[in-house]
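Accompanying notes for the structure given below.
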Amino acid sequence: MSEHGHELSFTEKYIFSVDHKVIGLQYMITSFIFLLIGFTMILIMRWQLAFPGTVIPIFGKLLPATFAPGGILGPTGYNQMGAMHGTIMVFLGIVPLAVGAFGNYVMPIQIGAPDMAFPRMNMLSYWVYLPGGILMLSSFLMPGGAAQSGWTSYPPLSVINPGQTVWLLSMVFLITSSLLGSMNFIVTVLNLRAPGMTLWRMPLFCWSQFVTAFILLLAFPPLEAAAILQLSDRVLHTSFFMPDGLVVAGQAAQYAGGGAVLLYQHLFWFLAHPEVYVLILPPFGIISEIIATNTRKPLFGYKEMVYAMMSIAAMSFLVWAHHMFLSGMSPALSNFFLITTMIISVPSVALLTCLILSLKGASIRFTTPMLFALSFLPMFGIGGLTGLPLGLTVTDIYLHDTYYVIGHFHYVVVTGSLMGLFGGVYHWFPKMFGRKMDDCLGKIHFWGSVIAMNGILMPMLVIGLQGQSRRLFDPTAQLHNLIGQPMHVLSTISAIALMLFQIPFIYNFFNSMFRGELVDSNPWKATTLDWDCPSPPPHGNFAKVPRVYRGPYEYSHPDHNEDWLPQSREHAEAAR
Amino acid sequence: MGNYSWLLPVQASSFAARIDLGLWIIHAAMILIFVLWTIFFAYLLVAYRQRDGHKAERIHIDHWKSLAPDAAVLFFELSVVALYVIPTWSSLKMSLPDEKDSIVVNIVAEQFNWNVHYPGPDGKFGKRSAALIDFSNPLGIDPTDPAGADDFVTVNDMHFPVGKPVLARLSSKDVIHSFFIPAFRIKQDAVPGMVVPLWFEPTLEGDYEVTCAQLCGVGHAIMRADVKVQSRTDYDRWFASMAPVKKAGPSGATEEW
Amino acid sequence: MNETTPSETASAAHHEDHEALYLKVFGMLCVLTALTVGVSYFHFPKPFGLLIGLAIAVGKAALVVSFFMHLKWEKALIYYVLGLTAFFAVFLFVLPIADFALITDRNVHDAHPAILDTGKTAHSEEKGGASH
Amino acid sequence: MSTETVAYENVGIPDGKLALWLFLASEIMLFGTLFTSYIILRTAAPAWPVGWEVLNVPLATLNTFILIASSVTIVTAHSRVQKRDQKGFSAFMALTVLLSFGFLIVKAVEYGVKFSHGIFPSTNIFYSIYFVMTGLHGLHVIVGIAWNLGLMWWAKNGGWDDKLFEGRVEYAGLYWHFVDVVWIFLFPALYLL
């Protein structure tokens, strides 16, 4: 890597940089752009759901005729956007933001490392992710359009539908990027901790990244294999997932047959369930940091939380088929997955319990990041609780593939993960730019978002209970959905409101970058090493390698004169 | 439609009430947990807010006590699983009614229709072959097979008598579909290359709706069918009117197209 | 940064000459390969032949991994990583295969009454005992 | 940078080796998935062709020997690096690369014969899995060849005296042995059982 003393060109410094902080920021900006794109797609879809067959305002005129003839969204366009919304939000939005952005930026400074273990590999992983993302978006321009078989890409539909080839290729890029990143994270955590930073002195955020990296490392390859097999079904006309005797539109399909349809679902969910924990564990780490800082007391049950994260990660590999109770899988095997699903809820409850008990005895500062972290707790609670009737085989018969499922996982990922990540942006922004984000705009963003998100998602739980299937282009085409239509309207209006409430955030982010209030290196009075180096940290992070003397959350230490005792301070100073 | 409300649809099958029981128990528990939890949460936020003269204190909480919620949740879940879920699941999915006492049909999904293959008065299904599938014979029933001569196929229109179990063998011609009747609380994926058995027993006369619950392509939203649950006599009359009169013919199932 | 980590050079401290050992292992691998090919000519009944073939393959892999890949001399952490992988891989093997083993009564291939291929034996509907 | 004098907390395994084993762990999951698919497709199939009747066992046996031999040569090349014997290293590494090319040529002959008989991956499910699994393995062989050629080039261009050289040869070896292990399972699974 480039050494000191030699002037870095613009390209080396900001584009092909090997500095983990620049790469983290690249990830952050890119994933926010993808989140915005994915959100715009859902706005267009939501308009169609609330007001089927009407001209979409603003976007209607911009969309090509194949998508929205006469400004009205067509079913092909709807399915393409549906598939791409899911894919973009999960693989190009939340995961790169949680792991690529925050993991890259914060984790090395929190353990006192000068950079990642493999800086060039780190750069490579971003430069594999970005083309993968661009390829994914470019699939809209391909003949036949983008993928339109849902983000799950179930064969045989995905094999006979147009558009899936580019999706699969792009997934191979994204998986490669994740694998490079996860190897790098694990090695960094194991081999580059500052002196004195034992594993049990690591902040919870580092633990969450460490555990997540293992999930990514071991859960992604099965999807990669499944993607390769499906790609070969599409390109080489093999028949891994194509059974005997398919008749599509009255014509016998040109496949040799003999494939196993359910095999793909097993392989897909073997990744995709652990992936859910990739979405939620890093935000858990972020809000743990925020809560510890803003309660001014040690977190409750630090070790318990680490063990809970580890058991979540390990168990997450054994629950995948609860997505497949009604797929034609053996009903006897369902009972196994039912039990493991119930067991995995225990460590999740433990995590929530520890965080809420951390509030006891605290002196809670309601700063903007703290508001986001606090809202995470009840909202993730709803997400977790609504998972219960979906995880039980019998109630899942009714609720499976309805809007209830959509409500459930958006409560987890949007009001949970995304809110945690927003909190992380407000929390670490002073570290990244040496300036604080505006508090008032931040609070507008918070209250607007949290209310709008509930306005979007609560109606989904209601129409889910009414039995409305998901992924319907036009819900009013089915009689039993008519009664719930006002709920779609409410949901759509809330979605538009949510979009409007992101404007203060975007303005705040860029404005504060240059004009925000200047702050010192530790504005929150926090204890972990990330607040020990200058803001923004220079290349190499620390002028002198820090030495660590204690655990991460020594707030309100009785022998110390201030209410925070940094990890790198050798001795507590007695109160005067 | 009187069958659908702001909450769950009408209970029109024998096990709908059992599934609803589970839904209500769990939702009651969920709401109870959430309300208690939120009260505690709100209390903490107010009691321990930052204010003058208040300092954070390092309270020692017994770690074993903090595991109490986990234990309570696990106990609740496992009792629901043991007492309700596994017995119900076994009776719904792992045992099927006797074929002799049931209406036996084959349900074949395709983009974007539900075909129902009734065996006709002789109670036997004719052989089917992919090569024979055409517009007038959507399931490719073999006209040379005497068992199939009186078979008939309905599209997007199924009739069942009230109070008698229906045993359906679910399959698909092209992609994965999912057979879902909200009023019956029954759902099952129709997977190409597989035959999945399912059963239900309609208990309430009326008109209900079948929908597809698994994304199956462009027409997913319009893939629906009507289920008519009729009295025994009405059903028999309908059944008799559907069965082809003549045994011979180029295709046994052409009459209703 | 990895280039400057002192741990990078740590392994250079101790190495003995294993070349003779490598040749011995090579010999064993050749013998086992010949054995597995030879055994296959006897066409043992399926479960038995499968077991022999698998056992020989596992033996060969164990030789390569322990000696050529120096796993025999590695630190415990590598074993933990591989153990973790093996743990998940076992579930990846066992559970989907169990699913397919348990649903043979709805055979994936010839129990497809809707669309039996003309070339295959017709499935008789009467015997189609869907009940378990 | 001042980092050189500081001993970071570590686990006593070099970064590169740790990363390589983690990479191999993910590769185990990748090929494990393919083997799972193979078993499932095979047990679900009404009929499965017998490997030795439709595939060329003698050629595949030859390939097995080639790959095992290349494993020995690469591990010996690494041993020569430890002994600081540059000639020996170059010779054994060249031999490894030659053997790997040999493997690919044999594989190409096998594929060519199949194609000339009108047999393609789409022919039936057995050939689907045969071509995809051996094809993916072949891709790994090609990556290995590139890696080893890169090391040979680096040895001649300043790499030999680099303190990282020995480690990098070892990691190339680890990867190459893994490719060998995959073949050890592929060979009986596709050809013999």
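A, B, C and D are the chain letters, set down in written order, and residue numbers restart from 1 in every chain.
As a convention for this text, a contact is a pair of C-beta atoms (placed from the backbone, for glycine too) under 8 Å apart; a residue touches a chain by one contact, two chains touch by 3 or more.
Please read all numbers here as calculations on a predicted model, not as lab measurements.
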Original post:
By mean C-alpha coordinates, which chain is most distant from subunit C?
Top reply: B
Original post:
Looking at mean CA positions, which chain is nearest the middle of everything shown?
Top reply: A
**OP:** Can you check how far apart subunit B and subunit C are, centre to centre, with Cα atoms defining each centre and the answer in Å?
**Re:** 39
**OP:** Return the distance between the CA-based centres of subunit A and subunit B, expressed in whole Å.
**Re:** 32
Original post:
Which whole number of Å gives the spacing of the CA centres of subunit C and subunit D?
Top reply: 16
Subject >> subunit A residues counted as touching two or more neighbouring chains >> reply: 113-114, 117-118, 187, 190-192, 218-219, 222, 243-247, 257-260, 262-263, 267, 270, 328, 332
Subject >> Shared interface positions of subunit C, touching two or more other chains >> reply: 1-3, 5, 7, 77, 84-85, 88, 92, 96, 100, 103, 106, 108-109, 112, 114-117
**OP:** List, in ascending order, every residue of subunit B touching at least 2 other chains.
**Re:** 94, 130-131, 133, 173, 192-194, 196
**OP:** Going by the contact rule at the top, pick out the subunit A residues touching subunit D in the complex.
**Re:** 3-4, 113-114, 117-118, 179, 182-184, 186-187, 190-198, 217-222, 224-226, 228-229, 232, 236-240, 255-260, 263, 267, 270, 540, 544-545
Original post:
What residues on subunit D touch subunit C, complex-wise?
Top reply: 1, 3-4, 7-8, 10-18, 21-22, 25, 28-29, 32-33, 35-36, 39-40, 43-46, 52, 57, 61, 64-65, 68-69, 71-72, 75-76, 79, 82-83, 163-164, 166-167, 170, 173-174, 177-178, 180-181, 184-185, 187-188, 191-193
Original post:
What does subunit A use to touch subunit C in their complex?
Top reply: 1, 113-119, 187, 190-192, 214, 218-219, 222, 243-247, 257-258, 260, 262-263, 266-267, 270, 314, 317-318, 321, 328-330, 332-333, 336
Original post:
Residues of subunit C touching subunit A in their complex?
Top reply: 1-3, 5, 7, 77, 84-85, 87-88, 91-92, 95-96, 98-100, 102-103, 106, 108-109, 112, 114-117, 120
**OP:** In the complex, go through subunit B and note every residue touching subunit A.
**Re:** 1, 3-9, 18-19, 22-23, 26-27, 30, 33-34, 37-38, 40-41, 44-45, 48-51, 54-59, 61, 63, 66-67, 69-70, 73-74, 77-78, 80-81, 84-86, 88-89, 92-94, 110-111, 130-131, 133-135, 173-176, 178, 180, 182-183, 185-189, 191-194, 196, 209, 211-222, 224
